[in-house]
Amino acid sequence: MTAYVIRRVLWVIPVLWAVATITFLLMHAVPGGPFTQDKSLPPAVNEALERRYHFDEPLWQQYGHYLINLTKGDLGLSVSNNQEVSEVVRRTFFVTAQLGLLSLLVAVIVGMTLGTVAALNHNGPFDYIGVGFATIGASVPNFILGAFISIVFAVQLGWFKLQGWGGPLEWGDVFDTGAYHWDKVVLPVVALSALPASYIARVTRASVLEVLNQDYIRTARAKGLRETTVVLRHTIKNALIPVLTVVGPLAAALVTGSFIIERMFSIPGLGLETIRAVLARDYNTIMGTTLVFTLVISIANLLVDLAYAAVDPRIRYR
Amino acid sequence: MSVRSRWFLLFTGLLSALLVIAAACGGGTSSSDKTKTASAGGGKTPAATSAGGDQAPADQQKITIQFAEPQFYDPHKSNFEQDIGVERMLFRGLYNLTDDGSGGVKVVAEGAAGDPTVNGNVLTIKLNPNAKWSDGQPVKAADYVYGIQRECDATVASPYQYVLGAGLGEVKNCDEAFNNKVPVTEVGVRAVDDTTLEITLNKPVQTIKTILALWAAFPARKDVIEKFGDNWTQPGNIVVNGPFTMKELVPKDHVTLVPNPNWYGKKPALQQITIKFIDDLSAAYRQFQTGELMATQINATDVATAKGDSTLKDAVTVVPSGRITSVEVQMKDPVLSNFNVRLALSRAVDRKALVDAVYDGIHAPATYWVVKGIKGFQGNEPFEGKIGFNLDAAKKALADAGYPNGQGLPTLKFTTRDSPQRRAEAEYLQKVWKDNLGVNIQPEFVDSKTRSARFNSGDFQLFPGGWQLDYPDIENPLKGLFDTGGGNNKYNCSDPEIDAAFQEAANATSDDARIKAYQKVETLVVTKLCGVIPLYQDSQTYLVSPKLGGVVPNGTIDAGLPGTYAVENWFVKKS
Amino acid sequence: MTTQETLITPADGALFEAEPRLGRQRGLWSDAWRRLIRNRLALAAMAILAVIVFLSFIGTTYGPTARFEPNDQQPAIKFQGPSAEHWFGTDNLGRDLFARVLEGVRISIQIGLGTQALVLVIGLAIGAGAALGGKLSDNLLMRFTDIMYAFPDLLAIILVRSILVGRDIPVLTNPKVIVIMAIAFVNWTTIARLVRGQMLSLAERDYVLAARALGANRWRIVYTHMLPNTLGPVIVALTFGIPFAIFAEAALSFVGVGTPPPAISLGILVSTGYDVVQRNAWNVVFPAGAVALLMLCFTFLGDGLRDALDPRTR
């Protein structure tokens, strides 16, 4: 098992390298560069700018420089405003991680509760309500949901705020109670967690239903165990496995795909920064954000596989 | 009760509890926030506003406004309008452009004590002895020298250096220093003493006060920049000479400004300005509605909605801007080089109908090129009859060009940015040209950088674009755009008559003669449709809370943030 | 028709050509079909989809649904709400929203199907290549798949799209092709993994081993034995991939990097509608509703297919 974990962790490095290379090539194949704009810059300015960021060197040389700097932890300077990319990425990732993890937590709790209740009430009213909610959540695009709950709950009812992230923006603010504004957190998290919650609800419901029909449940009931024990100890634990399958990709998707919500609620996150960088051809930032995303996805997959093994005693990794 | 029902009760109980908590928390904080924000603004209930209403107490003089994130806070590196709008609040130059009370522009002395004394090509400017930096040091002539030298310095690579160079500012040796021909110390600016600045030009420049009011000529502190390098604009390091200074900067999120204690001008009433960086104007509109913003840009399509909303209609602010939108035409293209084809395209468009359909009539239809508000503005009258809407004339022109009813005319490419407004505009024009002329255009929607790359390489046929004024003078939208070989002449307009008119302007000895010559340039360009087909003059659209007083937007000066040239006049009204 | 289990006796190689094999195949699919129809939700989904497809492909030209052209601008009546004349109201240039949504549905379905067709080809090729090509190709291809799987989807799509837009290559002039290629670029990894997994496990099954022992041609084995049994889960995955593609297209268009206009896709309609949501909310409600309906139907259909084709519940 340890060998497996170590192998998986080590495997992340070549994956990062491959992704960095592919991104580098794709990035330079896109027309327009970071300094392209309607009013043409005087050639002297262009040259000075390119020299500052090493963009005047041949591609393979830039690539080499980049890899060497990468090993030192230096992601370069953002072409748009001269800030350190590692600094920008660190800060924006901190915010996006909060949003993503919170949404994941809400999605798992709400989803599993909904799914379990629906399954326990199979073909009853709660089942249909639960499935109804789940299907709506799964089919309405999150930005539409975000726009509508903004209008209804913030503008018209005034219950929540729309602007910015309601949590600490930097590590140093984590213990500053003034940095937490729950009324800003609710709407973006709801909008973002609707889709994952629905998937989790459906999967939970299906797997709980399947588990409930198993012989060992009948045995447990026949033994006279309380229903609570039956549900909690036996059913849910076994139903977790398919849920875990779904949670992995969902977690990665949440953390990396939140840019629409970030844009709509003016949250300074990594998703938004990535889009901005691509549209502005900010090469260094594009590379930085891609690497972070890849790292997150790889780690999420690894954690899910490990959780798998923890929950299902039949699974053994070699 | 059965086990199952127990579960449902538990579930519903939990759910309701959660909802109640959420509503309470949200409702709770927002209701306590409401009292604070209500007095600090928000579009919910507009108070009865009297002109120059009383100011709210100091602890309520805090506002949050929307803007796009500046790329740089260093005036000598800035290129985009969002930088300049914010920089005007932090720095001031020798002169300042302000509203003249009726929407026009006037130049007032700011860092300078008065007008420059002109002696041939040499200007002597006395400085305001009260001017101080935020750290208490006086603003010396040496600071202006350093600032202008920086602007002409190739290593700083300012995109606006050309404003001080040949044909415009004509500061001696600025271009030569920028092209690394002479050291930066040779630039024609020196400090006679601490309060006297001497600038040497290549030839007399009529508009020198306007040019010296631009951010390109802002002063700079050599000691601060040398000490902190590129980080000199961080809060804590930055030293400013304007009404506000930077207190906090969270990149991607917001910047907070507070009054500069050593500001020598009128003391600002506002104690804090938080500028939130928001790109989604639809979201900004909603944030204005919840009271989280006191001023914001909005989409042109939202103006009609806001006007129809009783809580917002007093906040709607529409100001003609310094921007002309046109369809730029590649003159080198074999089909478009034919004047009659261009004439047909121009005369087939009812500009008023276009503006009404796509923009609810917010922009002003234009057959002119120099915007309203500029001295020398000619307006639509001279040109409407020549290139304005006239279907018969359009059809005739196309037939004269050899393509009766569009037969034989190849499909023209129409390269534009992929945004909802540009899309609607393109679709409208496509239909108009198809229905009225039988001309087919193929819209090509690309992102901003791709579009710029195409423009710069001249790789386009029809290209919706335009010109945004850099400074309020008639030469700005003409010079470099329509002279043969001009730096911004990407559509290859090259006409000997136009070049001659430019020459006339360059040789003019009086301001009136200069303006007349440039008017001739405009007339020739527009009537010949040399590279451009003007469509409309843009208006800037904002929501500005009625609780915020002292904001006087001026379309020709403003760069996206309304009225920041006089931010020291802003205040929150008493509720 | 009943399912028949063909007994392959080692002595009788001719049985490979025998009818019963084909019969077994027909049994597999028709059996699945019957199970599918019995699933009420899936049936409803299929019915709705059929209506939608009919309306959006045929109904845009013939019949009462073809009353307005999607590009017919009438600025004087812009931003109207639903009425007897314009069932969904009008948009920002006075065009009939119903006609535009119908057109958008057609384009989105085409994009969904097109993406999955491309994904099928790529995924099948790589998955089968990995499973059947021996250890080395398996390793290489699977490592490649891992890398593509770890690649941030959105970024890759945006980059690919930016590269392809505006080029003068003939096949790319159709705007849908660009977004199809971009989405397929990131979406094939699931299918590849699925195909490989299925084929690897199938390769160990008794009847395949027997067939090989009999000396059957490798391609025949793949084609007649492995492929049909692989296709089940693959079809399910593809069916789930269609709503993903539709949703992805909508999200991309929202950011401005989706289907390049002048094509009208649901994504473009949603993104334009969002911009004017304060002005006339119907402009976003109807296209978003169409997206939701399509996603719902394909998801239920996928559920139904999975239950129908799942060998475990047989």
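Each chain gets a letter, A, B and C, in the order it is written, and its residues are counted from 1.
Criterion: a contact is a pair of C-beta atoms (placed from the backbone, for glycine too) under 8 Å apart; a residue touches a chain by one contact, two chains touch by 3 or more.
Computed from a predicted model, the values in this text were never measured in an experiment.
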{"item": "A-B compared against A-C, more contacting pairs", "value": "A-B"}
{"item": "Most widely separated chain from subunit B, with each centre as the mean of CA atoms", "value": "C"}
{"item": "Geometric centre distance via CA averages, subunit C-subunit B, whole Å", "value": "46"}
{"item": "CA centroid of subunit A to CA centroid of subunit B, Å", "value": "37"}
{"item": "Computed distance of Cα centres, subunit C from subunit A, in Å", "value": "24"}
{"item": "Multi-partner residues of subunit A (each touching 2 or more other chains)", "value": "30-31, 147, 151, 263, 279"}
{"item": "Touching two or more other chains - residues of subunit B", "value": "282, 286, 447, 450, 454"}
{"item": "In subunit C, residues with contacts to at least two other chains", "value": "162, 166, 256, 274, 277-278"}
{"item": "Subunit C - residues contacting subunit B, complex", "value": "71, 73, 75, 78, 92-94, 162, 165-166, 256-257, 260-262, 268, 271-272, 274-279"}
{"item": "Residues of subunit B that touch subunit A when the two form their complex", "value": "3-4, 7-8, 11, 14, 22-23, 25-27, 29-30, 33-34, 70-72, 79, 154-155, 157-159, 161-162, 178-180, 230, 250-254, 276-280, 282-283, 286-287, 289-290, 292-293, 447-456, 465, 487-488, 490"}
{"item": "Touching residues on subunit A, where the partner in the complex is subunit B", "value": "30-34, 36-42, 44-45, 48-49, 52, 80-83, 88, 91-92, 113, 117, 120-121, 126, 147, 150-151, 153-155, 158-165, 169-170, 181-183, 186, 227-228, 231, 263-266, 268, 272-273, 279-281"}
{"item": "Interfacial residue positions of subunit B with respect to subunit C in the complex", "value": "282, 285-286, 299, 301-302, 304-305, 353, 356-358, 418-420, 423-424, 426-428, 430-431, 443-447, 450, 454"}
{"item": "Partner subunit A, residues of subunit C touching it in the complex", "value": "146-147, 149-156, 158-160, 162-163, 166, 243, 247, 250-251, 254-256, 270, 274, 277-278, 281, 284, 288, 291-293, 295-296, 299"}
